[in-house]
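Written out below as structure tokens is the structure these notes cover.
By letter and in written order, the chains are A, B, C and D; residue numbering begins at 1 in each of them.
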Amino acid sequence: MDKQVASAAEAVAGIGDGATVMIGGFGGSGAPIELIHALIDKGPKGLTVINNNAGNGRIGIAAMIDAGLVKKMICSFPRSSDPRAFTDRYLAGEIELELVPQGTLAERIRAGGAGIPAFYTPTGFGTELAEGKVIAEFDGRSYVQERWLKADFALIKAHLGDRHGNLTYNKAARNFNPLMCTAAETTIVQVSEIVPLGGIDPEHVVTPGIFVDRVVEIADPAQEEVLIRAGAVYA
Amino acid sequence: MDKQVASAAEAVAGIGDGATVMIGGFGGSGAPIELIHALIDKGPKGLTVINNNAGNGRIGIAAMIDAGLVKKMICSFPRSSDPRAFTDRYLAGEIELELVPQGTLAERIRAGGAGIPAFYTPTGFGTELAEGKVIAEFDGRSYVQERWLKADFALIKAHLGDRHGNLTYNKAARNFNPLMCTAAETTIVQVSEIVPLGGIDPEHVVTPGIFVDRVVEIADPAQEEVLIRAGAVYA
Amino acid sequence: MSTQDFDALKLSNAQIAWRAAQDIADGTYVNLGIGFPEMVARYQPPGRQTIFHTENGILDFGEPPAEGEEDWDLINAGKRAVTLKPGAAFFHHADSFAMVRGGHLDVAILGAYQVAETGDLANWRIGSKGVPAVGGAMDLVHGARQVFVITEHVTKDGKPKLVERCSFPLTGVACVTRVYTSHAVIDIVEGRFVLREMRPGLAFDTLQAMTGAALHRDGPVTDLLAPALYSPLA
Amino acid sequence: MSTQDFDALKLSNAQIAWRAAQDIADGTYVNLGIGFPEMVARYQPPGRQTIFHTENGILDFGEPPAEGEEDWDLINAGKRAVTLKPGAAFFHHADSFAMVRGGHLDVAILGAYQVAETGDLANWRIGSKGVPAVGGAMDLVHGARQVFVITEHVTKDGKPKLVERCSFPLTGVACVTRVYTSHAVIDIVEGRFVLREMRPGLAFDTLQAMTGAALHRDGPVTDLLAPALYSPLA
């Protein structure tokens, strides 16, 4: 069993028009920049992208939007330090938005990975984000029913990985990445280093390899926040 | 902030008659034997105990049952290598049983800790364990609604701990322990060693201290399977 | 008393944050909303230890690092670089919101556009224009044992922010337990604003006039005091 | 053909396990039920790598250790001591059943009291007496992409185990995809038993007579063969 692939381009093979793609990261941490840019090079159209944010500056998800790949964003916070790419298209009616509270977004993805088609949460009850949703009362309190979220592909940034797909993450770059690994039909991971089997202590594995399909080593990966502060543009 | 207590007896203080108590462990691994035995010494009655099994031999949960502490077991598998303590009382109608499929038991506890009052699972649909439960269809498939499970207290066995309650576990002794930490009003943990703050790498913490209330160091803790094979009796 | 006089009696944002910080007990787990609420961390009374939670997966983070020392994989929910204290832990977003939703936080401190006497909070969106963004606000208002709001007592153009019913889109229903304003400390008890503290020199009737719902008294009302503070953000 | 002749043609449990093992592709994730299904691990064809999952929180465990070398914190769901392979991982029970329920396992192999042509499985309880115990059986039948059953074709007293509708309490509805019996390999396709392999020398009519529901043919039926095997558990 060997899930290693040789390049970011090879890693994103098969992501076609209309696919739903989860992309890890929160703000400037944990975004799989090299995989995203390889996907831009490939150029599928009409994608639905699931991420906490909606892209920053002119790289990563923002560059996907600039390149016209994205039909719809599912996210909690499409405003960030420099959200021009999304904002311009959204206000022009050229991109759809499904706004999901951040904890609900995380739990919906977790549910998708765990085979839980729906769950109840207090979050959003009585707000416009619960409009049209099933409401139920448990023990005298009202809750909103939320559905699982799954994707065709997940693009993930991890720290160490092995050829079976066992993964660790770097600090708060963990965020949505381990959840998204579980909820996609095909999970594609870039790691800073591929270590031999057994190189990750079984006690320290954060994502077990069962959730991973492809692993590519990208040594010294770009850090989104650093790129944005440097004014980088991917086009 | 210091969650350390000096002894197992002090750790189980406040567990009174009628309490619901989650107890970690699966088969012979991960059972907090010293905490359980301290609770037997204290002697509360009418407890509801949540564990995967229902006690083995004459120690641990089996000894709790022998000592007449337990009114009801919530578990997935009340048969094991030597389940006499439970079996005898159950067949005599002296102890109640709520039988829950193992994955549903884990997910109900996880839901209790995560503020999810109910969720849907395919597990048990069409079986006698789903009788009387709400059934719903999602995307053409039928699912059973299950409710969260919470407890007044959790008795947990971990490996390393610090005074804030950050924890690691030993191998497959992890099992239900991290979940139960999250779902009890008061979570009581025995660890093999209390290390200084920072002694556990923040990347390797399995249970963050927010889920823990009391930590007691029990160096060289008893291992349930070893005790059972030795024919140990706690009375 | 004129609006100008009312303005003259107000606490600065730093002082509001200071006042809220006094009510955070030793050994508690706290989430501070992005922006203004983050100021609360600066004014923890000496000797008290608070463990701060951030939605993006850290418990027990500390001060920002010196400029140039930032690790951009070590940030808080406001995307600002932070440092770790000994005993910190990392976890993923589902575990992080399990802490929030599951009732494990002692206190969440949030800003507000409006707070209703029912405890309803509006703090995520003013109208229907622009790009909506909710982040973790709707999750944070549920689950924490106490939800504190820190806010000016009135808007910039003098309209009440404490109201009978919110007119802005809601963040949560019946969730706020206490409000620290520029002029008063007010508990929300069974659908009523109960005044606990007010600025010395302020008349109850003036405060009531600047408040969009009835203020109740239930026990003593003491002076709302705060030291002079230099506030780089205020 | 008499029942005695039918008996004479049957595969041993070890041979049934061997036959099932031939269908586990290289690079797959597999959960083996407690007891008889655990035998499948012994008969993996050389050169194929299977990663075994156990409900109690291990991926990629291996053979039992030598006697006296057991670590009783390193056990499988059957509570037997195991060892780790390089690349193993530990996780808690909720993550473990997320793997099961979430469709991440390629194959689950289970025993059976009865299998219905609908794919219904009864394997946890025979009657209403004694202490009921379900463990992970009801979870395992959902989620794995393929659910294989390994079983004798008939009960000890010669009654069919493959039936139109299960009379014993169900473990799951419409979940079994393939059945390996002592006499045949049978797929479940759209609510019908479809015969794929049968023992050489066995007449179709005899097999049908020993089966409690109609056997269909849809393509070639080949010989069910297995090598002679020494089975310490059989």
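Assume a contact is a pair of C-beta atoms (placed from the backbone, for glycine too) under 8 Å apart; a residue touches a chain by one contact, two chains touch by 3 or more.
Keep in mind it's a predicted model, so treat the numbers as computed, not measured.
Annotation of chain B and chain D: jointly contacted by A, touch as defined at the top. Chain B and chain C have Cα centroids lying 37 Å from one another. The distance from the centre of chain C to the centre of chain D, with each centre set as the mean of the Cα atoms, comes to 57 Å.
Residue positions of chain B touching 2 or more other chains, listed in rising order: 107, 110, 114-116, 121-122, 169, 171, 202-203.
Taken residue by residue, chain C touches two or more other chains at 58, 90-91, 94, 97, 100-101, 142-143, whereas all remaining positions touch fewer. Under the stated contact rule, the graph of chain-to-chain touches falls outside the line, ring, star and complete shapes.
The list of touching chain pairs reads A-B, A-C, A-D, B-C, B-D.
Per the touch definition, chain B reaches chain D in the complex via residues 26-30, 52, 76-81, 83, 86-87, 90-91, 97, 99-107, 109-110, 121-129, 169-179, 206, 223-226.
Within the complex, the chain D residues that touch chain A are 26-27, 29, 49, 51, 53, 58-60, 84-91, 94-95, 97-105, 142-143. For chain B in complex with chain C, the residues that touch the partner chain are 1, 110, 112-116, 162-164, 166, 182-183, 196-198, 202-203, 205, 208-211. Against chain B, in their complex, chain D makes its touches with residues 54-58, 71-75, 79, 90-94, 96-97, 100-101, 120, 130-139, 142-143, 169-173. By the touch rule above, chain A contacts chain B in their complex via residues 107, 111, 114-122, 136, 138-139, 141, 143, 147, 168-169, 171, 202-204.
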